[in-house]
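Questions regarding the structure given below will be posed in turn.
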């Protein structure tokens, strides 16, 4: 695996993406939660 | 001389970005009536008047002007009202007469001179307004509002900075025109409130 | 309506004429920039393209220094409420536009001959050169009028004005630079389509600004 | 919306396709893989610009939901700015690899820079109008004016510069030949990035809506 630089690059990009995705997803959840609180009562 | 003007304010609210100024203010006034708006500093008296004059927009609510039975469309209101406020500043580099001519719609020079001498500015007519004292500037503002003898007169703190002679002139002028004009005054001065037939306290309406 | 525009114009000219400092400064700025550029170049022979780039950079920055003034003055002297009470937004826009066009034509008419004189440039097609300068400055003043109105309401005006005008002005500058270098160099016959482009551009900007000005001037 | 959540599946697939599945291009080799990120990002920056222009027009035309529209125009521009910066960075890396210099004022490069300048100008105008009650109106008019200068660039650019940039999307006599696999990868990448933009944009709008709601709740009692 280490022999192929393309593979390493892809792994790096994937890791960056997963970090970003996790962040976005958590933000999404949080906003949904607050929306629930604000719109409910 | 004028047809009957009337002014209806229907549930006006104003909110600046972060704060609510006033809410659901309604009143109406007709020719011959003079109306006062009072309230503590910062309660939105001036804003209210500027909304009526059409230079600011309300957050909600409507304003109707009508002359006789006919409603005046928003674009033509300029020619029907006079407005003064400490926020209206005449051009410093023009003389009083030039400022008044700029504001009026085709008034004769004699009429301007007459107004200037009525308010005691005739000796200073060729000086630039930038050299005037604040009381003199206030007189210029009043002339600008009244020169076209408008059907609706909106006065925001009309006697601010005026000396007692100036106040007398102002009050006698108001007395003179009050039966042909809708007058709305935003003020906290007792003398001015006494001039009016009815009015509201914005702050109380808010509660 | 027309009398209102004339009244506004008369007022603006009276004020600017009495308080000459602002106009004087923009003329002085234009003149001094031209002089310093020609001084720095010191008789070096430059290609027509460089000449036209230099000329239009001078014109651009002269415009930047002077053209937003007409609206900023109303805000700084707090007279904009007075103006708004007595004129429709459309009239205000048109009178300020005419003022700016006149002012900027004068600035261009000062800068261009000075530049030609000091740099010893003789354009091959004189009429073409003049037409380019005229329509380029028309386009610049039509853009800057509306942007000046915007910037007058904002903070940190003068630097912001350059920032927001530049991207909108790039097409005008490009075309004017190209046309000017053509007209200095000679060779290729004059390209009328590009001149028309400048006029069309000013026309579009002026008509959109005419429609949109009330959204800037009065609160929404 | 479920549609936007698809990016969580699509993006890894696209990354895999871009690096592993698509064959390397004929001349540029593996360096050409940056294409699958550069083109979609550029596409998104234009889309974001159009969206915020349309929101600005709607802001001026419609009467209701004014504040929301103001924020929506701003949000799209803010998102677009980030994508534009990414476009410039990926583009200049690619330019270095294929033409040998990071920057050479090619028409495409020029137009993305102009777009970036417009975004910068808009954002700085918006921020310096901080407390102005008419911030939405003024900044909307600016975006509209900036938008109407765009067609003029189409007229000028061919007159001023000749292009080095490959016509990647239409691709008739382009310098890079796109095989079907490459085309599929590029296309799905564009779709995914558009979805990503949509997702982020929606999230920003929801936060703005909450902000407006909170403000009204707090002050209207």
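Read from first to last, the chains carry the letters A, B, C and D; within each, the first residue is number 1.
To be clear about the criterion, a residue touches a chain if its C-beta (ideal position, glycine included) is under 8 Å from a C-beta of that chain, and two chains touch if they have at least 3 such contacts.
All values reported here derive from a predicted model rather than from experimental measurement.
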Chain whose mean Cα position lies farthest from chain D: B
By count of C-beta pairs in contact, the leading pair of chains: C-D
Chain A and chain B: spacing of chain centres that average the CA atoms, whole Å: 59
Centroid distance [mean C-alpha coordinates] between chain C and chain B, Å: 38
Distance from chain D to chain A - Cα centre to Cα centre, in angstrom: 20
Distance from chain D to chain B - Cα centre to Cα centre, in angstrom: 50
Multi-partner residues of chain C (at least 2 other chains): 218-220
Touching two or more other chains - residues of chain D: 133
Chain C residues touching chain B - in the complex, by the definition given at the top: 3, 7, 11, 14-15, 18-19, 77-79, 81-82, 84-88, 218-220
Complex contacts: residues of chain D adjacent to chain C: 59-60, 66, 114, 117-118, 120-122, 124-125, 128-130, 132-134, 136-138, 140-142, 144-146, 148-149, 152-153, 155-156, 159-160
For the chain C and chain D complex, residues of the former touching the latter: 143, 146-147, 150-151, 153-156, 160, 163-164, 166-168, 170-171, 174-175, 178, 194, 197, 201, 204-205, 208-209, 212, 215-216, 218-220
Interfacial residue positions of chain D with respect to chain A in the complex: 7-8, 11-12, 15-16, 19-20, 30, 33, 199-200, 203, 206-207, 210, 213-214, 217
Chain C-touching residues of chain B, taken from the complex the two chains share: 50, 53, 55-57, 75, 78, 83, 85, 87-94, 98, 102-103, 106, 128, 144
